[in-house]
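In what follows, chain A forms one complex with chain B and a second complex with chain C.
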Partner chain A sequence: MEKMSRVTTALSSNAISGRTMFCHLDAPANAISVCRDATQVVVAGRNIFKIYALEEEQFVEKLNLRVGRKPSLNFSCADVMWHQMEENLLATAATNGAVVTWNLGKPSRNKQDQLFTEHKRTVNKVCFHPTEVYMLLSGSQDGFMKCFDLRKKESVSTFSGQSESVRDVQFSMKDYFTFAASFENGNVQLWDIRRPDRYERMFTAHTGPVFCCDWHPDDRGWLATGGRDKMVKVWDMTTNRPKEIYCVQTIASVARIKWRPERKFHLATCSMMVDHNIYVWDVRRPFIPFATFEEHKDVTTGIVWRHQHDPHFLLSGSKDSTLYQHMFKDATRPVDKANPEGLCFGLLGDLAFAAKESLISSDVNRKPYPGGDRRYPIFFFKKPDPTEQFAHVSSALSVFETDLNSNHMDWFVKTAQLYLLSGKPFAELCDHNAKVAQELKRPQVSTTWTMLRIMFSDPANLTATGPNHNLSSKLGTLPLMNSFSMKEMGTESRLERSKGESRPDNTHLEPGTSHISNNNEENEETEGSEGQAEYMFGDAELDDDELYSMEHDNQTVLLSNTVLSLLPLPNRHEAEVTCLTPIESFSLISISQPLYSPHLPGSFFCPIAREMLSYYAEQGDVQMAVSVLIVLGERIRKEIDDLTQEHWYMSYIDLLQRFELWNVSNEVIKLSTCSAITCLNQASTTLHINCSNCKRPMSNKGWICDRCHQCASVCAVCHHVVKGLFVWCQGCSHGGHLEHIMNWLKSSAHCPAGCGHLCEYT
Partner chain B sequence: MEESSASDDKPRILLMGLRRSGKSSIQKMSPNETLFLESTNKISKDDISSSSFVNFQIWDFPGQMDFFDPTFDSEMIFKGTGALIFVTDAQDDYVEALGRLHLTVSRAYKVNPDINFEVFIHKVDGLSDDHKIETQRDILQRANDDLADASLERVHLSFYLTSIYDHSIFESFSKVVQKLIPQLPTLENLLNIFISHSGIEKAFLFDVVSKVYITTDSSPVDRQSYELCCDMIDVVIDFSCIYGLTDAGSGCAYDKESLAIIRLNNTTVLYLKEVTKFLALICILREESFERKGR
Partner chain C sequence: MTSGPSAFIPSKEMLKEGPDQDILIESFLSLGRVDHITMVMALHHAYLSCFLRTQHALFELDGPLPHHWRHYIAIMAAARHQCSYLVQQHSAGFLEAGGEESWLSGLEHAPTKLRSLQTLNKLLAHRPWLIAQQHIQELVCPGAEPRWSLAELIHAVILMAHAHSLCSFVWGCGIKPEPDHIGGYTFAPHSPSRLSHSPHSPLADGVMEVEVLMKRMVELQQQQLQQQEEEEEECTQEEMVTRFERERSESIPTGTDMFASHSFMLRLVEDPGFRYEDFAPRGEQAPPTMRAQDYSWEDHGFSLVNRLLPDMGQLLDEKFQVVSDLTYHRMAMHEGVDTYTLRKALWNYIHCLYGIRYDDYDYGSVNVLLERSLKVFVKTVACHPEQTTARVYCSFWRHFRHSEKVHANLIVMEARLQAALLYPLRAITHYMR
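Right, the complex of A and B next:
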């Protein structure tokens, strides 16, 4: 503490100032380090070893330590450190395994002081003891860490990492004798400097190499580590077993890590692969960097805070041969660009919406969410200095519920369960599905199915398939007529509505469609209901304008539906035509002309069907789109590009699975033709089971447990091995044939095995 | 490079583990073939020295090997062994495997204390990241506790998370092999010097056949660059096999002429050059440094 106050006074008397600046180096830098009073920085690399003075406006080259005509390999530095107590003392780690110390106080040009060549392979890191002047630690690729006393010619002690390469060594700020070492195999070890024979403790910190570690500058026993697995982890070393307290996921492997001075939760990281930026993280908010420095054009190899008590200056060296001083106030703040609004649908049409307070509070009519006081999750309280905190974001979460009366998603579930997608001739499938839709009071869908049947069945087939309908008696020349007569009721009502569609009132509401009666949130709610309800054009909750725009978008589809159904009734036909715009009547004619040709190929309708599918998908009824896609099969598949199909399938499967309609979703997956979809069924096909007797995992195939040599899955009712559907209670792990258990449970609630457990099956 | 004539002198790598832990599948095999792999019934000795720089034999032990079988000659087996790889199945219950590991290690250590013990926590592809590290931590803890109980603290086990579905198995194998190469520091220094005097970012010395890297410079190995290099070897060998083989058919696909340059669209250049019959030097460098050759 005494030391700290001394330094702070030194700082205040000689306050650091400067700006964001850079200078070109002659060669890529590998590491940088600053001297204690933050006035000079040393840059070391394979071909560079220089000291720069940090002036107000620029870097000034002070000294080139790389002297001699033919520089030895000892100058090829992997790491450098400036002593924090002794201003003239530097240490470097060379790629050939040498540890070199440099004394700037030497009068000669060559400042090299001591040379230790005890490591066999590259030395990755050197570290001076924070308070002991003559103590130097090195960590090398050969798996050894060595402690040097600079008054002696050779190392004092050697610590063996058991042939695992050492990537970083750091003396603890808290314990005089402790240092941490990180290894390529993912471990971190803590050593006592007095006990070279064995580490104090070891733990696995990362999968893959741990490239760096850093002790928290305040003495709280926190150690931050970064590794190739792209994680930064903060460990509490004071507990018995090192505990991971924070974890930050970055986008590239973490090569260097430095706690930010005077800021308890901040640390800076950089990567040596792929990513050129330097990030400053607030470890409490691991998902978005607190600040980013994006100046470097190549990977950053060294970062250091300029002064150990000044959080505003960061120095960095890079492979792009530049040395930068970054001012914290010039940093990019990614959080400013993040979208603070979030929107999500619930399964039954509820809509959750989170937005910044300021945006929402203007809306006076907002109703608070009834489920507890979760409206103001304030992540960060405002603190005096706004630039040092994450932007004060407090969001309000509103949940809009749909009206309970419009029990809107039932149709989806029912339709999904009742639709037939395969296994019968095409026409029958269509008829069946039309009937299903009809029963669920969805006339447009129903009509669509009927039309599909008409369009894509060739007449010969059609005559053959009719017996279950009333149209079977009247087959032959007028198949269109037949089907229409069956659907007449639905179409009638539908026509009425389309005639009345210019009236924006509520009287024509479809009982089955969802309507939300929360007037305050008209907009959101409309959005919300679109997801789950399928609209007729005549539905009055849309505005006039919207209605028209939509109609024009989908005019062909609409036409093909209404108009085709009208065709056999000439008088109606005329009446309808009069109210159509010229374009529409044109398309009508183009369709109606060839319609009378008895041998119209199915492919003629493909464009119409395609638009119809897109229309349904656009409307949010992806169920219809996918069902038609499957039923039509080859007839339509080539018309729609694979990505769209895949998207539809994915959406539908997702919906089905959210409604827990597993069988239907599986059927859809099976029937789909997209390779991306069918392979969904081939993922995670393994089911791990434990033996019900000895509770050990069953190792492999067969019905006999390896360990206790008994049949594992025996039906508790009939005492036979169950091959097929096996149901068991998760409480007591007894079970048996599905039917047997079901029968058993009718008579008794206890476990059939006699274990006394009150079995529950869900 | 030293030549060892008698095959018995060659350092051996032993592959051991419970049955179905994936020992055989580790050896140069594409994942889809492993489904049809039969159980290994006898010790299969795979001498890869004839085709590769590394003078090693890999002994693949059947999982159901019984140490107490009198015919099991632990002297003979462990004496000349350089490394013992014990394979455990991370997706299975590993308690039994740990018992086996302890038994194996203690017996091997008694015969030959110089063996490097390597534990491959295999089949980690099915585990989540958190689960992986938890498994590794747990296995490490238990294995070391077991050894400590038997007062074998001096035995060091190295752990690797491996999977045949990515290159982690090659990388782990590389690390194992590197520990057995006495010239490693020299080679590494040579590569260090090489890259510090050229604009090359990363250099690997690959064993072409096994895709194990014998050595690399001291900068950290990136998984992606390593995989790129492995893929490059595949490309080169495949190409050579198609177009490079002479009519005699006896020629090798990889010879003195082998040289390949692949430019990637992210301004990176991959450079492969034959070094010896078995080795290839693969360098990763930037396009601009590639333009300025000889600087």
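Right, the complex of A and C next:
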């Protein structure tokens, strides 16, 4: 309370007001500092050293401290600090290792007061004692900290950090004798100013350099540190060992850190690289900044709160050569843009949904969840903390359970396990998978497999004919057929599909081929009745004839192979043959029109297959889409863009892994053709081996442990090192190569190692 | 020709220095061979292990660039320094990773995306201080065709800088071709790495040199202490700048004759006449110096690399750290010597040759500690590695051990790598701004 009154007096005597404003500096700033009464700010950098007055509407340049025609390197500042007791006193840290003090009360143009050139390397930080007028502390790249008494010409004590590079030094606000120093190697040391021989305590705060630290202005035990590892940590120093009490993960290395006055849990940070914003964090809410200031166009190098008891004004200097005054009320509040809703599906179709409580309760007459009507509303309440200024959102979490029978996923697991994706000829794979689907009572899927087989089977493989000799005889008839199928199938397939969709699903329940052929007959009736088709015969005949005679020479070469070729030509000669030897599967479709599908190249069906795949994927059966994709392989791969494929693969693999079907998932990864997918099982392939004897890790130097000089896991039968599967008896723990042990056990029941144990293997 | 991995170092010397067996076994197991670079580096096994780790991460582990591209980029980079050793090493790696053989017969067979790196490669190898934001922009901006992503680009930049600096090491240590290389045990026109091996003859005044150097180091250290106490004799900034400029533009005669390089390498180089150029004497449009305090590896470079290529920053950081801390506290025949000032002078001299200036370093000490023959060697290796000869190697530090000379080579290599990396990294930072 007492403090509060002091604040009000401090404020009323010199009321701070202003607005968000900025001014251009001539050069990038490295650091800024503000004088005690918050009316002036000093900006220092390599090529700038100026004092600006903070007025209501603007910054006004008061003084340029960089004087002389050729300013020496002593003016090239890495850091600056304005004394908080003595308003004419400033100190700067120069990049050449000098520590300079400046007295604004000097009448001459050059205000330089004292010059200390004791550090050998760049001085990173200077810090005045908060209550002692003449005490100045510096921290340098050379690993030393020095304490100066400004009444003397040289340092009074030197503190050796025993390490390279001190990055920051800060006097404690409350403990008169204590200061903290942060180091490039990640350590933070606490020193007693009276004891330069040895630090009081040391702890490792970050991995990599600790760029900054700041004592809490009110709480004596709290020290905040920021490092290159992008972390801000708050340490409680009152305990025996410094304890990390808060940790904030930012997106870039933390260059400066400053506690916000009058707000116990707030601190401001800025970064040294890439990120130009200033963030104010509530350390208790580490995942989202409390406020951000986004004005700067280059990295912010200095931040300071304008008045030590006013939390509403923040000043900042930047490499973009501007000096800003930020008003807290103008800050961006990221939390307002955050989405407090969450939604997630469980493995078995359960659905969890968290949303603002207000949203849920207002929605009383919402439709019941169709899958199941059980629902557990769980409410989370965070005890509202009056000091916490975050907008309070209390969320309600609802879990919707699906009815066990309506949506259970056994079929998925079974299908995944039973499907064959490779290793056999295409037709057999299709048949097998069709059968699997059939057994799981999924006739539509089963039919799809069969159809695929028909569409993409390579007829050339089924029968071997001498293509050359009957070429001429076919010239007359074949083009007809081809042109027909070419032009007709386009409309036909669309027709077929639309029918398939309009048909209710349950008509499929009846298993068997008869049903399918029925469908086909149905379709084909309409096909047959179309007059257009006949009309096309004549038209096409001519075209194709010409085409055919032109291509005649190449024909013999092309004939025997490719099905994938886009020209329908190579398949012509098969037509007759397939008609003569009807094959079961073909008969399904070719009942009424035997001339049909087998003669078309697989590529012709690609658009249909593609649509089919997309259809399944959209229905949520990504399993089907991926399985077909793999089985069809090259036949279809080019038709579907890589991103979609990758997306399907990822979804399917994710599902498989959630069901713990590791083997299947690995097979899918292996068989996929997307580079992004195949590399999934290339990562982290290292196996770490421990010696079976001394249980310590083996380095990769062959099979002898370099600690106990024993061969790792020797086979009891052949006395060689086992480099693959090792099987051992759980009774006597002797074992060896799987094969050797199996052979051994055929002839003897005793342990091969001769220990006399009657080994048992299951 | 002597046997052993280096044309400069007698093979019995290598054995005498007793490389750590374990590390060689490890590298044999992981690479399937122990190449000459590894053998020479094994003189400093602390360094070797982190070098191998970095190399493994650069070429083998996951990264934005396909594996054969990585080797091809290294080939392009090594060809700039006519380093047939590295070109052949990476050609093998390139083919092994499934690269197309025709690419090796000339740049014109490689994809345009790779060829678009040529300018950057050229600048990075010889005058990295010229690399500016627009070079990055040309490759990365949305309109660029073919377009590089930032992660790919930074990977490529590190690969190139790595290969360039490794060239310095290969030439500086006189690494001999592997048995299966041209110039190894295969019969073919000899590689330009053939060198007349002059016997390592210690001269009478050699002993004197060491003594003088020792004395100077001690003097310098005391001087600094004294300065602290007396605080007078402080140099003006003018004087400091002059000292830096003097070091930077001092004309050190490096070999000028151009080797006729292998035709297979010439086809991989564009604009072969582009070389390191001495900084003009002060006043004549000297290119701007980079201030180490404004853009340093520790504060800026590391964060950028780690952001775009996770772990790589860590590995490089570790490598720089190991090199700058590496010491055996001995010098020639003396034990228990603090060589920090000497190592620092070497490092800063190389950065100075690449236009990087430390405000807090007095470049006068470079002149005191580095005698002329050493400067000739360092400048040759760092800037024109292909012109290194056995004479240059032999004439500096005549009484030092070979392992110490290899140590010097390591410092040159890493200092060069860091200096060369800082410029493109700064340009990328500016681009991202």
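Some notes on this structure:
We take it that the second predicted complex is superposed on the first by the 511 of 762 C-alpha atoms of A that agree within 3 Å, B and C clash if a C-alpha of one lies under 4 Å from a C-alpha of the other, contacts with A are read in each partner's own complex, and residues count from 1 in each chain.
Convention: a residue touches a chain if its C-beta (ideal position, glycine included) is under 8 Å from a C-beta of that chain, and two chains touch if they have at least 3 such contacts.
Please read these numbers as outputs of a predicted model, since none were measured by experiment.
In the model built by aligning both structures on chain A, chain B clashes with chain C. Of the two partner chains placed by superposition, only chain B is touched by A:203; chain C is not. Contacts of A:154 after superposition: chain C is touched, whereas chain B is not reached.
Once the two complexes are overlaid on the shared chain, A:297 sits against chain C while remaining clear of chain B.
Contacts of A:118 after superposition: chain C is touched, whereas chain B is not reached. Of the two partner chains, neither chain B nor chain C is touched by A:282. When the two structures are aligned on the shared chain, A:168 is found in touch with neither chain B nor chain C.
Of the two partner chains placed around the shared chain by superposition, neither chain B nor chain C is touched by A:611.
When the two complexes are overlaid on their common chain A, residue A:47 makes contact with chain B while staying clear of chain C. By the touch criterion defined above, A:186 lies against chain B but remains apart from chain C after alignment on the C-alpha atoms of chain A.
Clashing C-alpha atoms between chain C and chain B appear in just one of the listed stretches 97-105, 133-141 or 223-231, and that stretch is 133-141. Overlap of the chain B and chain C interfaces on chain A: residues 46, 73, 76, 78, 95-97, 120-122, 141, 184, 208-209, 211, 228, 253, 272-274, 699-700. Partner chain A is touched in their complex by these residues of chain C: 22, 25-26, 29-30, 62, 224, 227-228, 231, 234, 236-238, 240, 291, 293-294, 298-300, 302-304, 307, 317, 358-361, 429, 432-433. The touching residues of chain B, counted against chain A in their complex, run 20, 92-93, 116, 129, 132-133, 136-137, 140, 153, 156, 158-161, 175, 179, 184-185, 188-189, 192-193, 195-196, 217-225. Per the touch definition, chain A reaches chain B in the complex via residues 46-47, 73, 76, 78, 95-97, 120-122, 124, 141-142, 162-164, 167, 184-186, 198, 203-204, 206-209, 211, 228-229, 253, 255, 272-274, 696-697, 699-700.
Chain contact summary for the complex, chain A toward chain C: residues 46, 70-74, 76, 78, 94-97, 116-122, 141, 153-154, 165, 184, 208-209, 211, 228, 252-253, 272-274, 276, 297-298, 679, 682-683, 699-702.
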